[in-house]
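Pasting the structures here.
Across the two complexes that follow, chain A remains constant while its partner is chain B and subsequently chain C.
Up next, the complex of A and B:
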């Protein structure tokens, strides 16, 4: 076994211990440096240049940021993304919480295991494959969803070809695929709540709602914080579902911020504008995450 | 120092050494991958040819490569299959390779990217064609000038097009029979087409769609715009091109030919464009047509083969697709696109382009010539997965296994309607296609007011795109 305690030996031994830690961290740090830090720095530089891959990059100051602000499609994509995050993350967390509480209540262990695996399963599927599959399911003329609606006398819904329908499907597919992760985090949090607290509350005659509000919710709040931060970051980066399901349409109704980065870079070869857009998105993600942690000081309770 | 401390120190040193050795070993083993030297043909003295597709697509062309190698044993060739979602994606990957200094010598280019490549990456073929004019004369004699002109840009030629597809109208014969409809005549018009859709709708079930179309540059709204003698972009021609027309074609064949298509600005504000959009919008509202599907219409073959679609626009490439989907020859057929103000058809074509950055241009030209020869094209297109550009290959034998009965329509489209034009794809094609797709979707999804908003917006976006640098 390797001790990670601070060594108390000679200075030479302490130096050796530091080198050892550095060596163990090196592969991760090198990987992060090459694949995360360098691209971010590259994007930062590129955001101030005009570059189409073929010609030499030319410095254009803040033109890309000005263009970004003036471009109605990009503005719309950012607004879409914020709206999408608000709805999708709320639904995802609410669904995950509901199912976690249901499953954590009286239920045989084997059934609990079955549900855990089932709810997590969509997460291990490729988002592109799921979206292709869902595109068939929600096809207006030939999809199984409308076929089932028709069976119960409801007329076909133009799911993917109207703005509201397309947005609803993108949100549904995203939530369906991602709620399993929040669910697992929350069920872990629920399992760590001491049973004695619920037993004591029961003796005091607390209702189910009081159990949830005064015991479960405060004690699960650290898990909620983790679940909401990860869900928010994932939702802000949504790409696969709208790209495969609707290509951002109809119109721009489901175009996301990452889609406009992709389109600027890989369809229009405007790598400067794409970098600027990516940086703005990164700043938004950082700002929201920072806000969540600030808020957590008041709302999250650690035992 | 006790025994357990010795063990701990030993294990730490051992771990350090093992970790170091593992890291060195892994780095060494992965070195070709990390440096990209394991990429096929990188640093090899071979002619590198990029095609859109998978390793299977490259393997399918092996007989072509073998035949070329036999004819030119001194020119080693390697096909690089580049997987991509569509032509736009493929072109971007080629641009990325060019920027990385690993551009192929030759690239298979479709009409969608013809002008982008001509503007940025492709070598004009003029001097090569001129120098070897006797060798390539039979090619030009066999290929319709419309296809050649679609690959001319500013008076120069950039590929020898090898295959093409015009937007013809596929009709499901099962549906026609069960709707008591006769097969339409060659000069049918839009009114007859609409009437046919209505009859189909009356006779078929609720899970049936009379007309199905996709939302993209080829086969979307553009064929209807061409039929109505208009387009989303104002169309003009470059001057020049006489060096080719005068040498290879008779004067009456090329009286209207110039130096290639030149799209100048948006034409969306024209009445004819509005009229075309309104007609399709009405068809959607009346259930005669689906709203256009985004993407490549992957479900289309299966839906058509299972008789849930009555009509859809497609080219010769669909003959093989429907055959593979199990559709017998007597269950589908093809007709020219219906007439409106004109019967101009839309087509897209493709061929090999020589890259400007290539240091093997002589060898690349030999590849271009070989693949454009009759032998090369017969090896490249053994079945009707597309329409070969050589008229002499449009034979009953070529379509014997797949049908359709009226296979002549595919090539005759160019002869019967010589004003047929290529996909409107200026160098800003990606922006044009994006703007078109998203606004067509909006225009077809709602009210008349929404339609006019979408057209105004499309007009603005196309104008901006055409004003941006090529």
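Up next, the complex of A and C:
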């Protein structure tokens, strides 16, 4: 890094320089201090208290964390979230990978542009709005999805009223909206592979699958890592889709960890429990991120 | 091809159903092509909820957050790109670290802070906490580092102080970087659902996504096309961003994904 504005010259000038730095940084740093760092510390403290906002907070040690494991609804929500992440992220990455490789094949430029824009489009929509219209489409009696299934001779599926059906819809809606992001990262990665390598592989007579397995996959692995980390972090925080589509039901079948935070704090006024849940979620996010980067040192091939 | 259809069909269905009279919304076979042009649903959405209010709230919140982020991120990004002082690296690392903190972890204390400030259930409660941006600061720092330093040297020789150098030379030059920050902020906060759900209570302070979800709740399945008309209205600005700012948005979204 080159520094151009070294504080030189008279003391007065140096002082004005310090003011300049301080004032330019102030809005960002003070804002983050108040609205990010202070709240994290607050959460850390609050997690060990019982507080309903009305009476005085009482210290209750690790009770909130014990409750996380003991409460069947909360435990179910965490299990749901982990399962959701595993399935949704796998589907999203596989789909994005497949489409990214397909779009590299020979096709007219306008068609490539059309596909790319189409896959990108859901990213500009709100998850809440998407969930609103998807909820109608997956309606059992008059939904478009069942109508199409009936056309091909499959009888109507009770999508939102059965546990597996509801979970499948939440996964579908999430992947529908987010695969474009993984796709964007992966086409970026594919575009950076030198053409000569593909040509060399073709001259050597590598077949489609061998070519993909031995050339494309290793070279795209850094992008794959980024795509999977970002997808997992987004999926772990899933809230809008299950909230709008199912409100966590039927039963607790689609309740997510973030829904537990929301319900504990703002419906039942158990602020300590909500903070503890949020912290555990953050811990899981950090662990997964760290684990993926460690794993990547063995699996990812950097050019 | 199948994937493109899977993306487009739901959107087409939403559009064409919103353009039909409420009684036709249940039609099977459903309509995917918006041939009809019945604006009843669009008129109804103005009657059934105060959608003008929702649009104005969303627009105000989003615009102020975007403007605030562009300016504060440019200021902080400039310092982190160009100035060295004791602790500057540590401070920048701290800013980056806040990116890892999910909003759900901080929401309970933020809710209390907002209450303490007397801002509960106001639009300011949505705006103020969203202005400091770690990712925006990071983007702007990258942007300023890519600009040549000659201007600063020339300005200094001409006797311009750091303020003049920043505000009349570098800030205007950073417009494309600020556009990326602004569009990202717009895209995120226009569509945001979780924070408005927590931080606002009364319908007059709802933003669009929240208002539409509560509309769907009120109406049940009776007037699908009215709700869908609202959904389409809420998509219009997103569509504008998609058509004209796609490149910026793509650049911004993948910026963190580079090397």
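Convention: the second predicted complex is superposed on the first by the 271 of 303 C-alpha atoms of A that agree within 3 Å, B and C clash if a C-alpha of one lies under 4 Å from a C-alpha of the other, contacts with A are read in each partner's own complex, and residues count from 1 in each chain.
Rule of thumb we're sticking to: a residue touches a chain if its C-beta (ideal position, glycine included) is under 8 Å from a C-beta of that chain, and two chains touch if they have at least 3 such contacts.
As the structure is a computational prediction, the values presented were derived from the model and not from experiment.
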Inset, instruction - May I ask you to decide whether A:54 touches chain B, chain C, both, or neither, giving the answer as first, second, both or neither? - result: first
Inset, instruction - Would you check which partner chain A:161 touches, where first means chain B only, second means chain C only, and both and neither mean what they say? - result: first
Inset, instruction - Specify the partner with more touching residues on chain A, choosing between chain B and chain C. - result: C
Inset, instruction - Kindly classify A:263 by the partners it touches after superposition: chain B alone (first), chain C alone (second), both, or neither? - result: first
Inset, instruction - Return first, second, both or neither, reflecting whether A:117 touches chain B, chain C, both chains, or no partner chain. - result: second
Inset, instruction - Return first, second, both or neither, reflecting whether A:37 touches chain B, chain C, both chains, or no partner chain. - result: second
Legend entry - First, second, both or neither for A:246, with chain B first and chain C second: first
Inset, instruction - Check the residue A:218 against both partner chains and state whether it touches chain B (first), chain C (second), both, or neither. - result: neither
Legend entry - chain B versus chain C as contact partner of A:142, first or second or both or neither: both
Legend entry - chain C-contacting residues of chain A that also contact chain B: 1-3, 20, 24, 27, 53, 132, 136, 139, 142, 147, 266
Legend entry - Of chain C, residues touching chain A in the complex: 3-4, 6-8, 10-11, 13-14, 26, 28-30, 71-73, 75-76, 78-79, 82-85, 91, 95, 98, 100-113, 128-129, 131-134, 137, 145, 149, 152-153, 156, 161-163, 165-166, 187, 190-194, 197-198, 208-210, 212-213, 216, 221, 224, 227-228, 231, 234-235, 238-239, 241-242, 246, 249-250, 253-254, 256-257
Legend entry - Complex interface listing, chain A residues touching chain B: 1-3, 20, 23-24, 27, 52-54, 132, 136, 139-142, 147, 150, 158, 160-163, 246-252, 255, 263, 266-269
Inset, instruction - Show which residues of chain B lie in contact with chain A when the two form their complex. - result: 8, 11-12, 15-16, 19-20, 23, 88-89, 92, 95-96, 98-99, 120-121, 206-207, 209, 215, 290-295, 298-299, 303, 308, 430-431, 434, 437-439, 441-442, 444-446, 454
Legend entry - chain C partner contacts - residues on chain A that touch it in the complex: 1-6, 13, 16-18, 20-21, 24-25, 27-32, 34-40, 42-43, 46, 53, 95, 99, 114-115, 117-130, 132-137, 139, 142, 144, 147, 176, 181, 184-185, 188, 223, 226-227, 230, 233, 236-237, 239-240, 243-244, 258, 261-262, 265-266, 271, 274-275, 278-279, 281-282, 285-286, 289
